[in-house]
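Before we start, here is the structure in question, set down as structure tokens.
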């Protein structure tokens, strides 16, 4: 049987400071080694100062993934030498001597499969290595410690996946969940990193590291399964090893050239005392947790009568649901849901577009109200959204600038309809014979008014004239 | 008995080049034999730990370090730190 | 002008104007120049001390507000970070290291206008109890320069004993303040774990060690504790001890107090003179109205093995950061692969440090963790429980500080196990997180003997009162140097 398990590292990018010092948690965009202090470069005499919010956010993740959160958590040192690791040990959590990590024994339903979460732990990210020139010629590398000490949460699943597709679905759901919880912006480069371990019946467990994007994740696992199966078919052994995903060649390659023994010598990090998490505090944290995606979806359907599919799209993407939550009221909720999931979608489907988007929740509620009060047609609304997204101007301004106000008065409509009747003699005859074809004429009127004509008034006038 | 191979393995783990392995074999072995008295203890004593309430941890605030620390470190190529590559 | 004044006397003299800060500091520097070639208490002497003294004199003259230390020259063990002055830990790996910040204890002393006169010698990274394992060579005992000063804070003890500074700060992992205090005839305190901030103390065994004051009177120890003790937002392991004035009521005596004589720390394997001295101290305490009785803390027998297991384990990890990449000594990375480079750089640790790191790696490695490290942790917990139980029966515990008198340089340097045995009376306080003080008690054949008193968790005040009572009974000569 195919068994796939995941180790997911998620940066808590929504925090203001690093895990053990007051440097900025979001290290992106700094000049090298500017976001550092004695603690995160491990100067002699420095001591780690645990970030309260990091523990709270990690506890929220644990609870959302159905994990047990123990009354007391502890930290351990994982000892190994690496050029990007300033203390040459990583402060992390470790459950071998009893559950002291922030979460354990959770589970989450993915489609119809239950995936067990074995543990969730808080740890620090190392620095970053920058290679220059031809890597095969140069023996040196440059280290940037800006990332060193960034708060990470590691989520480890049991090997419960059986197909690469399940893995992709899980990771998608998980990244939506983390975004929705407000703990991380998983769209940031390196904010969510996934390692997979893969095994088939006749072989040992193989770890795949360095999988850059989620799209590669599915490919890497797929490749690895085929590789293992073909080894098995030829009766060859599948040894336990770590393999790297080679992005260029789209294959996994064995990571260790030299047989180097790993012995991390975990032991308690006593500079960080055990943290007591009282039940009441955990309850309070739970109460204040952002609403889950599932609960949002159900609420959208039940309370506002939003169609299930629309509610699904709206709830899974925090960006959309935040817009929705801020914009809607009881009356315009359904219309706003529509605007977001049909008209806004193409304008905000990438991070860049979202960053540049000028549209505010107020725009959406103004727009929805205008539609509901027959002040603007749905077609004009689409034009307006495009303009708002670009300029951020208030709806009233855009309506007059682009002349989007709805044409309601019968006399001006009558003129236009007369024109259409004169131009479309055949269609008028057809409609007289078969009233079903009348929409063609309505369409012509809409076209002439650039979508501003009130469709129901137009239809009525046409019907009257046809008689 | 601690072996030469074991000492070499330990030295590799903590990254220290040692030449006189024999000397360390003897010294480490002597002390480990002394530590062996610990193994005779049968205790179910809970391991002592220091505790701190979650409320008392450091609040999440970004406070930039007051000086350019990189200038006090071995720096190169502007504000980088140079390291040998792991092969 | 006398250099052998206590901190209290110094402050009186400065306030009275009998002596200026500059006079005292320059006299101290002269003394260092004169004697330090022989005893080698210092690694670095602060060039700026005289300037600081002059500035303080100006302030004093202008009647500006000056902190409680009034320019008192104080020496600091060279494993405590001082901004702008090298902190070497007596190691080649840190021979050029200048910390960009002050340890919390240093900022607190500076806030009270103390003058750092210099950084004192130690066993490399505080691993040792003779100060012979320093990359700068050994410190010698001011009472007899053929003898070791104890360690690892041997430089601090020698500096205080030889009046090269009024007081000093050392660090105590398994006796590193008390052992040299005993060998050099000064007072040395290991505070309750968490009472003094370790921020800026270069870690050797971080779950066990504390910075502790060394001085020529108990009052000075109390005075320093008033300044350096207390919770620190930069050290999550510091504890709230409330507002205690350690100097107040020092003189209340110990009448009616119960003192336990720890059986496991008396007699067996101990130098005869030391046992006699301790018996003598006990009877003097009884004369003062204390009630002394034998008490057993059986786990003391395992304490040294547990102590070395835990400290070696922590050391192997704490010293991993010295890879010479971000800071360290001048040795370029060009032409080296990572492992080759750091293994070569780290070869510059001294033998003793390498030995302890090998041991520490051994007891943590898979297969041995349960057998050694976990067992050592259990012993630590057992000792803690037994000590707590003892303090339900008695107010204080007493023992010799070190089971031996000072010995000659080189005498025990190659006998690891003989050195281990010297720690047997001191490590208990570290493993149990309780305070203990070494009180200079006698000088026999020209060499000092110290007595150790322990008190319960955070009972420093009681400990000082007892130490004060005991010290009032003795009139010790000044060190001959």
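Here the chain labels run A, B and C in written order, and each chain numbers its own residues starting at 1.
The definition used in the following text is that contacts are C-beta pairs under 8 Å (C-beta built on N, C-alpha and C of every residue); 3 or more make two chains touch, one makes a residue touch a chain.
Owing to the predicted nature of the structure, the values given are computational and were not obtained by experimental measurement.
Note on interfaces B-C and A-C: more C-beta pairs are in contact across B-C. Comparing per-chain C-alpha centres with the mean over every protein C-alpha atom, the closest match is chain B. Here the CA centre of chain A is 38 Å from the CA centre of chain B. Centre-to-centre separation of chain B and chain C, using mean CA positions: 23 Å.
Centroid to centroid, with C-alpha atoms defining each point, chain A and chain C lie 54 Å apart. Looking at chain B, residues 13, 15, 50, 52, 57-58, 69, 73, 81-87 sit in touch with two or more other chains. Multi-chain contact residues of chain C (touching two or more other chains): 100, 233, 236-237, 316, 320, 323, 325-327, 333, 336-339, 342, 361, 365.
Looking at chain A, residues 38, 41, 49-50, 79, 81, 83, 139-140, 143, 263, 265, 268, 270, 273 sit in touch with two or more other chains.
Of all residues in chain A, only 38, 41-50, 77, 79, 81, 83, 86-89, 139-140, 143, 263, 265, 267-268, 270-273 touch chain C in the complex they form.
By the touch criterion given at the top, residues 98, 100, 194, 233, 236-237, 302, 305-306, 308-309, 316, 320, 323, 325-328, 333, 336-344, 346-347, 349, 354-355, 357-359, 361-363, 365, 371-372, 374-382, 384-385, 416-417, 420 of chain C touch chain B in their complex. Contact residues of chain B toward chain A in the complex are 9, 12-13, 15, 49-55, 57-65, 68-70, 73, 75-87. By the touch criterion stated above, chain A contacts chain B in their complex at residues 15-17, 22-25, 31-38, 41, 49-56, 72, 74, 79, 81-83, 129-131, 135, 138-145, 257, 261, 263, 265, 268, 270, 273-278, 281. Contacts from chain C toward chain A in the complex involve residues 80-81, 87, 89, 94, 97, 99-101, 103, 198-203, 206-207, 233-237, 313-314, 316-317, 320-321, 323, 325-327, 333-339, 342, 361, 364-366, 369, 373.
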